[in-house]
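Same chain, two partners: chain A is paired with chain B first, then with chain C.
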Partner chain A sequence: MDLLTLSFAVINGLLIGGIYGGVALGLSLIFGVMRVINFAHGSFLMLAMYCSYLLWASLGLHPYVSILATVPFLFIVGYFVQGVVISPLFKRERALVVEPTSALLLTAGVYLVVDNIVLMAFGPDVRSVAVDITYESIFVAGLPINLARLIGFLAAIVVAAALSFWLKHSEMGRAIRATAQNRDAASLSGINVQRVYNVTFGLGCAVLGLFGALLVPFFSITPNIGLSFGIKSFLVVVLGGIGSIPGSILGGLLLGVFESVASQFVTATSAAIFSFGLFIAILLLRPAGLMGRA
Partner chain B sequence: MSTPALEVRDLWSGYGDQDVLRGIDLVLEPRTIVALIGANGAGKSTLLRTLSGLLRPHRGEAKLYGESIFCLPPHKVVERGFVQSPEGKQLFLGMSIRENLLVGAQNKRARARRDQTLEEVFELFPILRERQALNASTLSGGQQQMVAVGRALMALPRVLALDEPSLGLAPIMVDRLFESIAKIKERDLTILIIEQNVFQVLEMADYGYVLENGVMTLNGTGAELLADDHLRASYLGL
Partner chain C sequence: MRHTLTLLLGGPLLVLALAIPLFVTDSYILHSIAMVLFFAYMASSWNFVCGYVGQLSLGHSAFAGVAGYVTVLLFTQLGVTPWLGMLAGGAFAALLSVPVGYATFRLKGPYFTLTTIAFAEILRIWLENTDDFLGIPLKGAQGLTVPPVGGSSFLAFQFDGKVPYYYIILAMLVGVMAATALMERSRLGFYLKAIRGDRDGAEALGVDPTRYSLTALAISAFLTGLGGAYYAQLFRYINPERNMGIDLSIDMAIMTIVGGQGTILGPTLGALLLHPIGEMVRATIGGSFLGLHLILYGLMLILAVIYFPKGIIVPLQRLLDGRARKSASRKAAAKTDALEGKGQ
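Right, the complex of A and B next:
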């Protein structure tokens, strides 16, 4: 394999990997704070993609403009899914010191419901958004870099940095970190834990609202696209360290590059085998993830 | 007689269907220190967890200055003015001391005068001012206890509950802590204190209750309890 192809694969891997990291941010945040593995994570991304697609198809809005709608929409969806569907679990388990593992099953149910509602409403057809940016590239040292992917990559870095900053410096961010560390102590300090959970879940989904719109220029949309992203996000989060925001980006980059380079040697579908191989290897060597605390 | 700061009547509570507390009565007159004494497993922490709203009571009534705090969610209980510093400190160890204290001031009332209260907490525990930027995990046990008490004070409690504040502290730190608690009382505050240091706490307390197997078996002024034969035999080994 020549160097040019390889560097092209690495660059492409970094770009898509950054986007994987950005998509996984919400999963990591939600798990870090609530100890809930949101199985429906990918479904919310799919929902954001359909939302962006619909705004383009009906109103002719550019996907990047539709961000103004998808982000608040997904925040509201997340806020209410937590407030209405998931929070009864926490209330039921309030009296006991139990981590709500049942939340995994519950969110798996949310995944089934959301995916099937979308399938019922839109059918299994593959849809795509035709905008100019899909085909635009800039050239760096003779290598073409797809603009839409570059924007997605940069967005992931910016969102990760902004989220870290906000968590560190805002009042709500402090309440979220306190709740993540010790739910009971947070309650006893007067933090409204249910509200913190609602906001956290809403935020985690709002990030998906952004990436859904950033993905549609170069990703076809189907009702079941969510699952593959959900599984990748899970991989990314475990690779990078659960609950760690920089870890999420790092895990994404690693997975992206690995996938992209591996698919130069084998078919893209078999490359997934190697991704999971990498996953197992890292879990064996560093069970807490690359940036996680053991 | 004035309205009690805290009034608990016939409180039944526990985990699941199991009753740990079986008909608790407890009255705290305003601006007093009340000690709650009992062996491990008697239900002292269960009582505090129930009053704070972490545990759902089975039946009974709890009033703070005449207003019911029964079955409210924990953050509402804090807002009304019943604040506890939990057993084992329960600090946010990934955060600085200053941040730990700031987290305590969540409700509107507390937030409005947060800087002022922070200043008062630093006056009470000067060491915390020096170390405010450090991570809470770098502190000694006694200093961590100061942060836990300080964090509770940040919420501007009307009734402050301290769950075993001297647990795991060196004797000298226990003395200092009790001095601080006496100072806190001067802040027009009612204090409910759970302690293993029975002798020390009863000397300081205005009134005391003894909890055994989920039932209050004895109550009286600190001096009365210290003179009680049963208490002397069971808790002081005299």
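Right, the complex of A and C next:
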């Protein structure tokens, strides 16, 4: 493989990797605060992509404009799912009946419901959005950089920074961090833990609303696209250390480059084997993640 | 109490199941009932390890698929009867499960679950993209068909009607339940329950969690493999998507969890409840709504986790226990009455 192909693969990997990191932010946040692995994480991203697609197909809205709708919509979906579906589990947990896999099962149920509602509504066909930005590239040192991917990459970094800032300095952010540290102590200090959970979950999903719309211009969608994104997000979070926001972006970059370079050697369809292989290798060698505490 | 329930429910159910082909002659309905039994069998095989160790594997379909491929390939390439092929496939799945289990059982909760998915997906994607492996024609995503031998042949595992297939899977289901019952009372069963309850505690008492989890997993993989081989033979067709996709793993897990994991009858109850719902939805309105039955599965899973975290077998058990206790106390009351009557 010549240097040009390699550097192209690396740049492409960095761009898509940043987006992976952005997609994984919500998973990391939710796990960090609630200790819940959201199995339906990828499904919510898929839902956001379909929303954006629908707005484009019916109203002709540019996917970037549809962000104004997808972000609040996904926030509401997340808020509702946590408030109605997941919160009974926490209420029960207070009575000391702790089932570690319950939350995973519950969100697996949500995954089935969401994926198949979309399948029912849209059918299994592959859909894509045709907008000009898909084909626009800028050249840096002779290498073409796809504009849509670059925007996604930059958005991931901006969102990660904004989220960190917001968590540090806002009233709600402080409440979220306090709840993550100690739920009962937070509750005793007058924090409404239920509301914090609802907001956290909603926020984690709202980020997906943004990236769903940003992905649509260069990513074809099918109803079952979610699971692979969900697993990749989990991998990203494990790589970067669970609960860490910069770790999430870093893990994303790592996965993106790895995947992009690996796919130079095999066909696109088998490239997924490498991500899964990396996932297993990381978990076996460093179960706490590259940057997590052992 | 648990065993009374197993017998109380299982006995009549078995008699009913044995008699079904006598009065159900419609081959579509018989096929559907055989599929219920198939899923009950698969869920029970899943339950054999996951239900007792308390870990959620979503990679079991790999064992089913691998064994199915071994069976079909042995038959089409070497002419080995599927009966032996099944055993070979099951053994192969058990063998495969050892390194997989060795790697994954150190992980907990979601880590374990996602790693099992990763293993199964690697295998599936590899199969889908491999037409020929060391001269073995795997035919990638297209899958393999089993050529019909014409007519019924016991050796070729091919039968004209659905009745033989029905009885085969019924026998397999009874077999897996018997195996589970034996395991529950054996040392292995107690160790597994100890590991589920408190892994570190069990280890401190000298139970090697990895070793016993692996033993159970190997048996479970073998059983799952037999089921996978049966599945391939029933349809005379196997492909990576259908026979080893994640959907099959999810079905096995959901049926067990809704029914009641870590019990002998739970997985079958789950299959009895869920599969007919899925089938009915598919047959009536499902044709135009792809995926509707999976929405219902998802909802049932959510409801079960919230309201019956130990499965629907628990309220059922309570109902029967309550009745048993009532009749016991009635008997006791009658006895005292009689005694008092004598005394007067």
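The rule is simple: the second predicted complex is superposed on the first by the 284 of 294 C-alpha atoms of A that agree within 3 Å, B and C clash if a C-alpha of one lies under 4 Å from a C-alpha of the other, contacts with A are read in each partner's own complex, and residues count from 1 in each chain.
Keep this in mind: a residue touches a chain if its C-beta (ideal position, glycine included) is under 8 Å from a C-beta of that chain, and two chains touch if they have at least 3 such contacts.
Just so we're clear, the structure is a prediction, and the values are computed from it rather than from any experiment.
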Contacts of A:A178 with chain B and chain C, given as first, second, both or neither: first
Of chain C and chain B, partner touching more chain A residues: C
First, second, both or neither for A:I37, with chain B first and chain C second: second
Partner chain in contact with A:D132 - chain B first, chain C second, else both or neither: neither
Chain B versus chain C as contact partner of A:P124, first or second or both or neither: second
Which of chain B and chain C A:A272 touches, first, second, both or neither: second
Partner chain(s) touched by A:L188 [first = chain B, second = chain C, both, neither]: first
Complex contact set, residues of chain C against chain A: 54-56, 103, 106-111, 113-115, 117-119, 121-122, 125-126, 128-129, 246, 250, 257, 289-292, 294-295, 297-302, 305-306, 309
Touch list for chain A against partner chain B, complex: 94-96, 174-175, 177-178, 181-182, 184-194
Touching residues (chain side chain A, partner chain C) in the complex: 37, 39, 85, 88-89, 92, 97, 99-102, 104-106, 108-113, 115-117, 119-120, 123-124, 223, 227, 231, 234, 238, 267, 269-270, 272-273, 276-277, 279-280, 283-284, 287
Contact footprint of chain A on chain B as seen in their complex: 15-16, 52-56, 73-75, 78-79, 83-84, 86, 90-95, 99, 102-107, 110, 151-152, 155
